[in-house]
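Paired with chain B in one complex and with chain C in the other, chain A is shared by the two complexes that follow.
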Partner chain A sequence: MEVHVIGASTIRKEGRGKVMGSAAYADDVDLPGCLLGMTVRSRCARGVLKGITFLEGVPWDEITVVTAADIPGKNFVAGHVDDQPFLVPVGGAIAHAEQPVLLLAHADRAVAEKARRLVRLDVEELPPLLDIEEALACVRVIHGERNVLKEIRIAKGDPEPVFAAAAHVVEGVYRTGAQEQLYLEPNVMIGTVEHGPAGLEVTVSGSLQCPYYVHDAMKQLFGIPGERVRVVALEMGGAFGGKEDYPSVIAGHAALLALKSGRPVKIAYDREEDMAATTKRHPSRTRIRSAFDAQGRLLALDIDFALDGGAFTTLSPVVLSRGALHAAGVYRCPDVRILARAVATNTPPCGAFRGFGAPQSLFAIERHMDVCARRMGMDPVELRRLNVLRQGDTMATGQVMREDPGLEGLMDRAMAAIDYRALQKAYAVRNAWDDPVKRGVGLSVFMHGCGFTGSGEATMASVAGVEGRPDGTVAVLAASTEMGQGKNTVFCQIVAETLGLPVDMVDMAEVDTKYVPNSGPTVASRSTMVVGRILEDAARGLRLALVQGGFLAEPYDPEAFREAMRAAHLKLGSLKTYGQYRANPGFAWDDKTYRGDAYPNFSWACYAAAVAVDLVTFEVKVEDFATVQEVGRVVNPTLAAGQIQGGVAQGIGWGLWEEVTFREGRMANNQLTNYIIPTAADLPHIRVEFLEGGSPFGPGGAKGIGELPMDGPAPALLNALRDALGDLRLDEVPMTPERILNRLEEARHA
Partner chain B sequence: MPETITLTLQVNGARRTVDTHPMARLLDVLRDGLRLTGTKEGCGEGECGACSVLLNGRVVNSCLVPALQAQDGVVVTVEGLAEGEALSPIQDAFLVHNAAQCGFCTPGMLIAADDLLRRCPNPDKEQVQAGLAGNLCRCTGYSKIVDAVRSVARQGEVR
Partner chain C sequence: MRAFLPDYAIQAPGTLDEALRMLAAEPGAWTPIAGGTDLMVLFNAGRLPGRRLLDLSRIYELRGIEDDPSRLSLGSLITYTELLEQRAVHQFFPNLVKSARATGALAIQNRGTLGGNIVNASPAADTPPSLLAYGAEVQLVSARGSRWVAYDAFHQGYKKMDLAPDELVARIRLPKPQGLGFHFYRKVGTRQAQAISKVCLAAYARIQDRVVTELRVGLGSVAPVPLRARRAEAAVVGRALDALPIEEARRAVLEDISPIDDIRASAHYRQVVTGNVLAQMLKELGAARTA
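Presenting the complex of A and B:
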């Protein structure tokens, strides 16, 4: 029987529970006898903690209090570098204003809240370091010798002599602000600790993207082996990278309170605490110097890319790496130099957010290409056509384009979708009228590397499996989490297709580290492409096991498969097969020199935006938005389109409205009243087209799509604003009404 | 102030009595008192709409409604939309169109959409967008939500 499950818009596996209101998110779990945990934070961007005082007003003897002195293991959150403490010890350094110092728990939320306000911290304050420029200039040194958390250099040829001889040299500086993930479900974590025969047994469950990151963090915090740590991922109300590393901190806190109180403890952040304390997208500053010949061919690029990492290392080295690897964009360029640095400041650490460094550097290069085109008197579309990567070209790391990315075709389709040339013509006429609304159209061309950078996947060597269950269904065993992106459904589709079964015979096993292997974190657009392929192998293994064991004869129908699993179960007791990551043959990467194949694959796209700016209010309306992407085989078109539309909405928010305002190192607008994300009334219907190219790497030819849509909107929008408003300094996102007004004033005075 | 107050209200068609804190919000009564956890808290300050329920026929942000105000009121939550296992047309449309991704905005969004369709059975795109502007979604970019709502409206036309 022929079953085609890949390519079908299978309905979301967990969708029914979500529309009925019965899906259980972490805060929905009934926990009789549980205490509610609270966090007391430093409230000072830099200093030394001298002491803690407990003021009168609550029954302190009823309240569980945890300080750094209560930590049984190591007081560092496991990560790339162990520099972030779970709690600041008395006598210890305070590195940002939202640093956890002390934990409280009580059964009554009101009592715990009141107690939190009755803790006084005695702090010796020091002058803080608050932004990228101050950090690079070493105004003060707060980390290492020069405030640099990580530095990466990429070199191809030697750009310097090229600049001296080039027909055109164009320079620009571009900035992007922090962005809050704003998953709709704030962080929640539940901890329990039991005294087992071998010692402490720690269980945490909650809203988290990466169960095995939390697992590692608990091992280190409690100083216990992995068998005594259990991490369960519950239904998740969005994450977008925001629940990649910070859940380890909250899980540790909940478990420490549980250890001290002997009761289960839940920590549920409210929106204000969540926005103020947890990670954001890294602010960036990119300086680009580019050289072109007289025809507009790109000859050299010199890029200085800097990210504000905040107070601790967290994920900054890898965010920086991805940003650096996307900094030269989709262009062929013989001589390239990229200097990338993540700097330390006394602000809460930045972390993962959809795109992971790439939106920042791609904004810079895609905006810069428009600036260059206009500077040279060329059409921005034509300049791109002339310079985009084609088969056989090499990227900045020396990675060869083994196949043609088809970028011109993507541009053609996107321009057709939005009717680019017709809009441009019409706007040119109408913008000359005496009408306060000016319109423009612009585009961006970009890529996103799928999966972990360089040798990341090989080092991690992820494992995933399938289980034939006695009831005749197949379970998918993977630690990858569902955050709304559709992993549950897509994994089941991949396994069903491989086994030739209908998709309703396949289900996800609960994501519990006690039962599922480490398929790696749910990040980096890797789940479908990398874990999906491992599952394909595991499913083939299951079929082979049934056939070779004499339980199943090929060809078979679903009923025969069901029977075979039942029979195998009776005989063998358990029926599980696993697969493990296999590297792409012929791909090589050198982490020391940053040379080689940075990613096994890239997804490619062209996005086009049409905007209208009101010169009375300076508000921008996005009137149309077209996306065309090549993401390999699309496993589930409806879910994939949803991912693209959601990512574009976040990209539009970042480009136009979402501004994190810091005051003395703290987020000042940590509320939905003053941190503005798009509503239904703010967005057009986002057009989505997929061009399916084959990928030899992913399952059935699939590549990654999760992050791609975050990369393109901001530069496309600002390029469209340039079209609408003329020659303005549109070098920063978000390009808020205030900024547009400022830039217009600046242009008037120039 | 008394330690607790007793509220009587009709929720999803059933009469319920619940003891609650005098300062409690309707959201707390539903989630903690009645264990109807479908209704979500996304902000607690009236901005996100995740806590939307119908109170006496009007959509309210239940995080802003003092529980006392719901005394003798009629409340409909997401749990009250389906008839047993049979999804309502708007729930079914959300499922088919992938209008629920992470699902956290979905309960509130469904209440708002259901109410919109009752007031305006055949909304155009702009009416749907305006009608749902009080409910934030971070996952979908709203495109599929608008599709889902309009598909129900169109079915209404055919019928």
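Presenting the complex of A and C:
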């Protein structure tokens, strides 16, 4: 019997529980005797903690208090660099205004909250460093010698002499703001600590993307081996990267309180705390200098890409890396120089957010290409056609395009979907009318590298497995988490397809580090492509084991498979097979020189936007949005389209409205009232088209799609705004109504 | 929830008399609560100063609609949803319909009340501009008696009102426009729903023989209080529809308003957009069909 599960829109595995309200999120979990934890934060962007005072007003003897002095192991959150403490010790430096200093727990959350307000911190304040330019100019030095958390250089040829001789040289500076992930479910973590025969045993569960990151963090915090740490990922209400590294901090806090109180402790952030204290998308500043010949062929690129990393290193090196590797966009260019730096500032550390550095640098290059085209008197579409990567071309790292990415075809499809040329013609007529609403259309062409950068996957060496259960069903064993993206469903589809079973015979094992192997973090658009392929191997292994063990004869039907598993169980006791990441032959990467194959492959896309600007209020309405992407193979069309539409919505928000307003290093608009994400009423119909080129690296040919849709909207929108409004300095996102007014006035005065 | 629940007390009197007696006995000790959609936001954030809440929801005297030939009187507990169900509101006060539709989302419209919107006294509230444009009056009641005040004199300064600590807002009364009228409402928030106004303008004009004989423009979010654009109104009243002094009115309105920079918009943006929306309103007024 031929069963085709890949390519079918099978129903979301955890969907029923979520829709019916029976799914238990971390805050729904009630452990007997559980205390509720609170965090006292520094509230000062830079300084030295001199002392802590507890004011009267609560029964302090009922309240568990934890300070840095209570930490049994190392007071650093495990990461790329150990520089972020779990708690600021007395005498220690304060590096941002939301830094945890002290933890409190009580059975009544309100008492703990009251107590939180009765803690006074004695702080010697120092002048803070608050933005990228100040950090680069070393107005003050707060990190290392130059405030640089990480620097990356990519070089191909030598652009300098090219600029001197080129027909056109165009320069531009582009900026992007911080962005809040705004998952529906704020962060929640539950910690319990037991005294086992070998010493402390720490268990944490909650809303988290990367169980083994938390696992590492607990080992280091408590100074105990991995066998005595258990991390359980509960139902998660969204993450978008926002629960990649910060859950380690909260888990540590909950576990420290649990250790001190001897009771389970839950820490549940409310929206205000979650928005203010946890990670955001890195703000960026990109300077681009580009050289073209008289026909508009791109000759050289000189890119200076800078990210605001915030107070600690956290994930900035890897975010910077992805940003740098996408900085030259989808263009063929013989001479390229990229200087990428992540700088330290006294703001809460930035972190992962869908796209991971790529949306920032792609915004710059895709906006810049439009600026260049207009400067040279060319059509932005034609300039792109002339310069897009084709088979045999090399990217900035020297990575050769082994196959044709088909970018012109993607552009044709996207333009047809939105009726680009017809809109342009109609708008040219209508925009001349005496009507305050002006319309424009624009596009962006871009890619997203799938999986970890460079040698990341090889170093990670992820493992995933499948288990044949005695009842004849198959469980998927992986530490990848479900955050709404559909991993549960897609993994089951891949395993079902490989085993030739219906998808309801396969489900996910609970993501508990005690049972599932380290399949790596749930990030980087890697789960389907990388872990999915490991699962394909593991599933083949299971089938082979059954066949070779004489339990199963091929061809078989699902019933025969079920029987075989039952029989195997009786005889063998347990039936688990694992797969491990296999490097792709012929691919090489050098992390020192940043040369080689940065990603095994890329997903490619062209997005087109039609906008209307009302010159009475400077409000922008997105009237139409077309997306066309080549993603290898679509495993589940409904889920994939959902990923694209959701990502586009976030991209539109980032491009037009979402602005994190910092005052003295603290987020001032940490409420849904004033941090403006789009509602359904603000979004157009988002058209989704997939092209399925197939890829040799993913299961059934699938590549990554999770982050791709975040990359394209912002530049497409601003290019459309340029089309609507004429020559304005549209160099920044979010391009809010206030900024549009400001740019129009600037142009009028110029 | 950051508030400490045991710190708070709530009483729910069954009649207006009882409520007024409680207020009279301890003026200022009670915080009236209607729909709670403003107060509970503060409560949740642990920033609600009033610790004793007086629940108005059972007081029938604060409900109900009286529809006279010349005016409409609304109980202060009327919700946005109830407002939207009133035929007379649609017929005579279309700006109020637009205000209600532009407020929050359905859940807020189901709970939030007109009285609460008024007494919360946010400069960014969305019904006050319409109430100003329609020349509303509010009835204030206390154990001492009852009085009517013109709504355009009710707000006296940022969150300061002509409302004594022992008084409640009982009713809101609107004269029904007579003759040929022009209605305009525009809320400028950053998004299409669930937005707090950055600028809000409501206008009602009476037209006789193609001349503007009466004009009231109510503005929100551009001063410490919702207010009338009196200078701009004066520039327009008495002028013919085909010769409205748009630029003069635009200059005049800048004298009426005193916007500030805040987390939602800059003062400059508010100035420019108020002028633009006023100009848009006057263009539409100028193009009004009068035959």
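Following the convention adopted for this analysis, the second predicted complex is superposed on the first by the 750 of 750 C-alpha atoms of A that agree within 3 Å, B and C clash if a C-alpha of one lies under 4 Å from a C-alpha of the other, contacts with A are read in each partner's own complex, and residues count from 1 in each chain.
As a working rule, contacts are C-beta pairs under 8 Å (C-beta built on N, C-alpha and C of every residue); 3 or more make two chains touch, one makes a residue touch a chain.
Note that this is a predicted model, so its numbers are computed, not measured.
When the shared chain is aligned, chain B and chain C each come close enough to touch A:681.
Of the two partner chains, both chain B and chain C are touched by A:270. When the two structures are aligned on the shared chain, A:431 is found in touch with neither chain B nor chain C. Once the two complexes are laid over each other on the shared chain, residue contacts for A:67 go to neither chain B nor chain C. In the overlay built on the shared chain, the residue A:183 is in contact with chain B alone; chain C does not reach it.
More residues of chain A lie in contact with B than with the other chain of the pair chain B and chain C. Of the two partner chains placed around the shared chain by superposition, neither chain B nor chain C is touched by A:394. Of the two partner chains placed by the overlay, only chain B lies in contact with A:19; chain C stays clear of it. Of the two partner chains, chain C is the only one that A:111 touches; chain B does not reach it. With both structures placed on the common chain, the touch criterion links A:673 to chain B and to chain C.
For the contact definition in use here, the residues of chain A common to its chain B contact set and its chain C contact set are 270, 672-673, 678-681.
By the touch rule above, chain A contacts chain C in their complex via residues 109-111, 113-114, 117, 270, 272, 436, 615-619, 657, 661, 668-669, 672-674, 676, 678-682, 736-738, 741. Here chain C touches chain A in the complex through residues 1-6, 45-46, 188, 190-196, 199, 263-266, 268-269, 272-273, 276-277, 279-280, going by the rule given at the top. By the touch rule above, chain A contacts chain B in their complex via residues 9, 11-12, 14-25, 27-28, 30, 181-186, 235-240, 270-271, 483-486, 638-639, 641-642, 645-650, 671-673, 677-681, 683, 685-686. Contact residues of chain B toward chain A in the complex are 31, 35-45, 47-48, 50, 77-79, 81-82, 87, 91-92, 94-98, 100-107, 110, 125, 128-130, 132-146.
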